[in-house]
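These notes open a run of structures that come right after.
Each of the next two complexes has chain A plus one other chain: chain B in the first, chain C in the second.
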Partner chain A sequence: MNASNTRQGWLVPALIGLLVFAVLPAGLAAFDRGYFYQVANVAMIFVLLSASMHLVTGVAGLLHLGHAAFYGVGAYTAALLATKAGLGFTWTLPLSGLVAALVAFLVALPTMRLVSIYFAVATLAIGQMLYLVMLNWVEFTKGPNGIIVSKGLELFGFSLSGRLATYYTVAAVVMLCVVAISRLSHSYYGNALRSIREDDQCADAMGVRTVRLKMEAFTLSAFFAGVAGSLWAHMTGYISPGDFKFSESILILAMVVVGGLGSLPGAVIGALLLILLPEGLRGMGDFRNIMVGMVMFLSILFLPKGLLGEVSALRLVRQQLGAAWRRTDNGIGIGWR
Partner chain B sequence: MIDPYYLQQLAIGLSLGMTYALMAIGFTLIFGVLNVVNFAHGEIYTLGAFAGLVLITASAPPVAAVVFAALAIGALAGFSLERLAFKPFRRFTDEASLKSRAMRESTLLSSLAVSIVVREALEIVFGSEMRSVPFEYLINTPVRVGPVILVTGDFIIFGVSAAMLIGLQYLLTRTRIGLGIRAVSNNPLGAKYVGIDTDRTIIMTFVVGSMMGAAAGILVGLYYGAIFPAMGFVPGIKAFVAMVMGGLSSIPGAVICALILGVSESMATTFVSSGWSDMVAYGFLILTLIFFPNGLFGAGRERV
Partner chain C sequence: MTHLLEIDKATRRFGGVVAVNGVTAHVDEGELVGLIGPNGAGKTTLFNLISGFTPLSSGTVRFAGHLVNGKRPNQVAHLGISRTFQNLRVFPNMSVFDNVSVGAVGTLPQGPFGALFGGAKRADEISERTWQALEAVGLTHVADELAANLPYGRRKYLEIARALAMRPRFLILDEPAAGLNDTETRELASFIKRLHGQGLTIMLVEHDMNLVMGICQRVLVLATGRKIADGTPDVIRKDPAVLEAYLGVDA
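Coming up: the complex of A and B.
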């Protein structure tokens, strides 16, 4: 087997990189309106949230109805560390991810043995419990008044709070996390998670440690949600419990479902669609949330596999995103790279 | 002698639990048959309340007519909900897809989507703030019973939930429709083989369950005097908790657990601020799921 037999796509990653780090910022700088920057940053953060939800709901098949709460845990960790301990973004970014992951781990310990709908309802209850803590523990979280985060984005002392710098920071962090999620879900590890989704008893019998893997997927996805929360807290400078309520969890779930369960490109497309479409339809005002519900309903009804279904997404990723399979001498592709 | 304060809290808790029970009955009926959670049940409750409110503001009918309007809207909503969110996912009737997880979860998501659309549509039509019910329709004239004070609504809600329970038991055990519902609930495929029209039975279940949900909505609306588009969300979760605690397919179990839930919540407000009282329900849910996987009153069913 020689190098020429290993298909390594570089064109698509290069194009995506070019789009995110050159074309989009150039376009944003050309228009130079705060609103466009805001939309781009929010879309980026939701791409990360949707990708992290993809890991737990799409790949591992655990219907998660409390994802926004872990996003909220990350955001509150960042905000509280910034206001009470005076830490900058450099420290709050990893710490909020870790705190969200820790909370998720503790939550996962008792609930991970539940199946399908019972797990979904347990996550709903846990999401609501975390939301109630944010709302009611007024001495600690300032309750419904929210927290003003005065520290903007910075890395190791360099302030990155300009419009373009903020965009670049958010985009870089999000792209890094999405690449990490892509490596997790497009690998043997991802395949093990998929086997749990398809038939956990069978996977268990074949030696896949189902409970442990599910816990890992749940915790990892909470980590990425926490990172997204810290980006949100430092980017907007103000957080309140309303940003992390049940309907946000549903919005993130809708993104994954519309894009296609189990498909990472689909999750990204779904996030962009459900953030940019309502922004584009701003004139419709109150109808935005109805649009979200309608898009979700219609896509479940007419596109049960999502906009970019899992099978085609996997083929795309294998061929184009550097996760190609090796060819043996007789030309059969095997495994993941 | 028990402190009258606690007796009063107990009474408040029981009436709160009764309002949850009203909703849990319909919820459990639908879950028991289809084995899917109907996330739109809360919206049916809201629709029932709004149907009553619209009728009250349009003309001033007697309370019974208001309840009948809510029942009619509930039946209609249940029918359309089943057609919209559940029927399209029963295209395949072989055993594998009946047991398929993807199938069950797609109806979960579709009912969720329908519930979002309905709630947002209600917000556009009626505005998101609370609408108050005209004073003369409120069912909260105080009645003193020994050391505690109850309101007329407590008796009405108690009467209605008792009537619903008895009526439902009669329906389920004595009538043809009820036998069909129980057969489908037990084994959909087997029911089909012996000639039961499963499609019609499922519609009937939705209609009956949604009528109960809508009646619950208008009664609770008249009881608290506030009707708003998001009113169905919290009772929906409480009803779900009661259903899970009661063991999913047991309707009397769900009612008893709804009462336990209501009493615990009202007792909890003695010790913590009322904002935290919702925590009780979520805590109960998690504890039940972990320690009593079969519920407190239910028969076994695979869930772990």
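Coming up: the complex of A and C.
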């Protein structure tokens, strides 16, 4: 019983890398229209938001209705650090993540012992509170007027604010974060989080530190949402509270659910679908929102486990990304490395 | 001599009901002890007191010198006690392998940073432990199946495998034979004996008298929350208090 894996874990990651870092930017450069770049960047930011929510809602099973607020905390951290302290993206990127994680940690302390629907309502309230702070603390956040962020993307003083450079920066940061989330969710750590989702009392009896792990999942997901907020602030150059309201949390939740709860590839697909589809249907005018609603409704009706459900997603990751410990006699990957 | 598990005047009240009433008992290293009693005797409550699921109202439970009182179930698990449940509690939407791995992860924690940066050695350790536990119960051939798809009897063994993956010092089995037919019960009995033969200390709650009397070295009897007898199966069979509790005859 040795771990002799016939691993083929390089092909799919190589293809994804090629697509994101060569094919897509080449296509974008060929058309060279700001609108296409904008759509690509927004889609990638929502991939990160959806992936981070996947960790807390899909894997750990905590219904989180305030995710967009932590995205907002990250964006406001970046915008305020840039305008008031003159810090560039190099510094606001990690700091936005850390501040969002810190806020999440503090609000999680009293909320984590709540279960199921009570936890969901608590996160809804937290999201609304943070949103109202952004909206009403006018001296600090400029309220509904929003904040203009004059500093574009840069790294250690090198400006990355050109169209292509911005695309590459967003792509690199999102890719790095998604790989990190993948490591978290496709590991025994992820298994422990899943066991809490399945039956937290039983997980507790198996030695899983349930409260602590839920705190970690919640805080980590806020960290990644904060990073997404910093990308958003520097990329668009303008943020306002409306970007982080409740409906955005629901949109992110819809991405995770349509893609498949517990499935990271599903969360990515869900985000791409729900961002690209409305853009693609712009020609249809107001009718497009009905179409998007129909796609969501039908996908849940006919694929309640999502476009790429957890079971198939885990199998895919184990087979194609070489994440399995070993294969069974019939060639199916089991365990994690 | 100190005992592995020492229960001293353990009491648990639920409102006006005293489910467990001043029970004093012990289990020594290497023993296979049965816990029996009529319905509502407080067997499962006593199990829950030992495993940290239910806090004690008064009295103490000590395991290997550590006080169990006031500890959360995961802390009790880290002391080396693992358990199964009366009403099967597997993680239905996880594979058999992943289910069992949770037992190993719980006691070999892999934190977020371990998962992020390397930690391959730790992961392999968890994998090996999981595989060994699956081998012990003979479920390796269904390792990739979802737990929800397993038949009832196999889910019982899955629960035991998950408990074994924790490498416990003390295993408590809550009605392992419930819902099994005679053949399956016999297989289970020899399996439990084999585990015990490998040096594991085991306590089991069971309704099936034949199972308990057949394999246990010592039997504790509870009735209406109190311990009414404690001895070898032969002694218990003839104990008038036990006969009265079960048959309701005046001894």
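One rule holds in what follows: the second predicted complex is superposed on the first by the 311 of 337 C-alpha atoms of A that agree within 3 Å, B and C clash if a C-alpha of one lies under 4 Å from a C-alpha of the other, contacts with A are read in each partner's own complex, and residues count from 1 in each chain.
Heads up, the rule we're going with is that a contact is a pair of C-beta atoms (placed from the backbone, for glycine too) under 8 Å apart; a residue touches a chain by one contact, two chains touch by 3 or more.
Everything numeric in this text was worked out from a predicted model, so none of it was measured.
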item	value
First, second, both or neither for A:Pro304, with chain B first and chain C second	first
Chain B versus chain C as contact partner of A:Glu139, first or second or both or neither	neither
Chain C-touching residues of chain A, taken from the complex the two chains share	1, 3, 180, 183-184, 187-192, 194-195, 198-199, 201-210, 216, 220, 262, 310-311, 314, 325-326, 328-330, 332-337
Of all residues in chain A, those that touch chain B in their complex	61, 63, 110-111, 113-118, 120-122, 124-126, 128-129, 132, 135-136, 246-247, 250, 253-254, 257, 286-287, 289-290, 292-294, 296-297, 300-301, 304
Partner chain A, residues of chain B touching it in the complex	36-37, 85, 88, 101, 104-106, 108-110, 112-117, 120-121, 123-124, 233, 237, 240-241, 244, 273, 275-276, 278-279, 281-283, 285-286, 289-290, 302-304
Partner chain A, residues of chain C touching it in the complex	51-53, 72-74, 76-78, 82-83, 85, 89, 91-95, 97-99, 101-107, 109-112, 114-116, 119-120, 123-124, 126-127, 130-131, 140-141, 143-144, 146, 162-163, 166
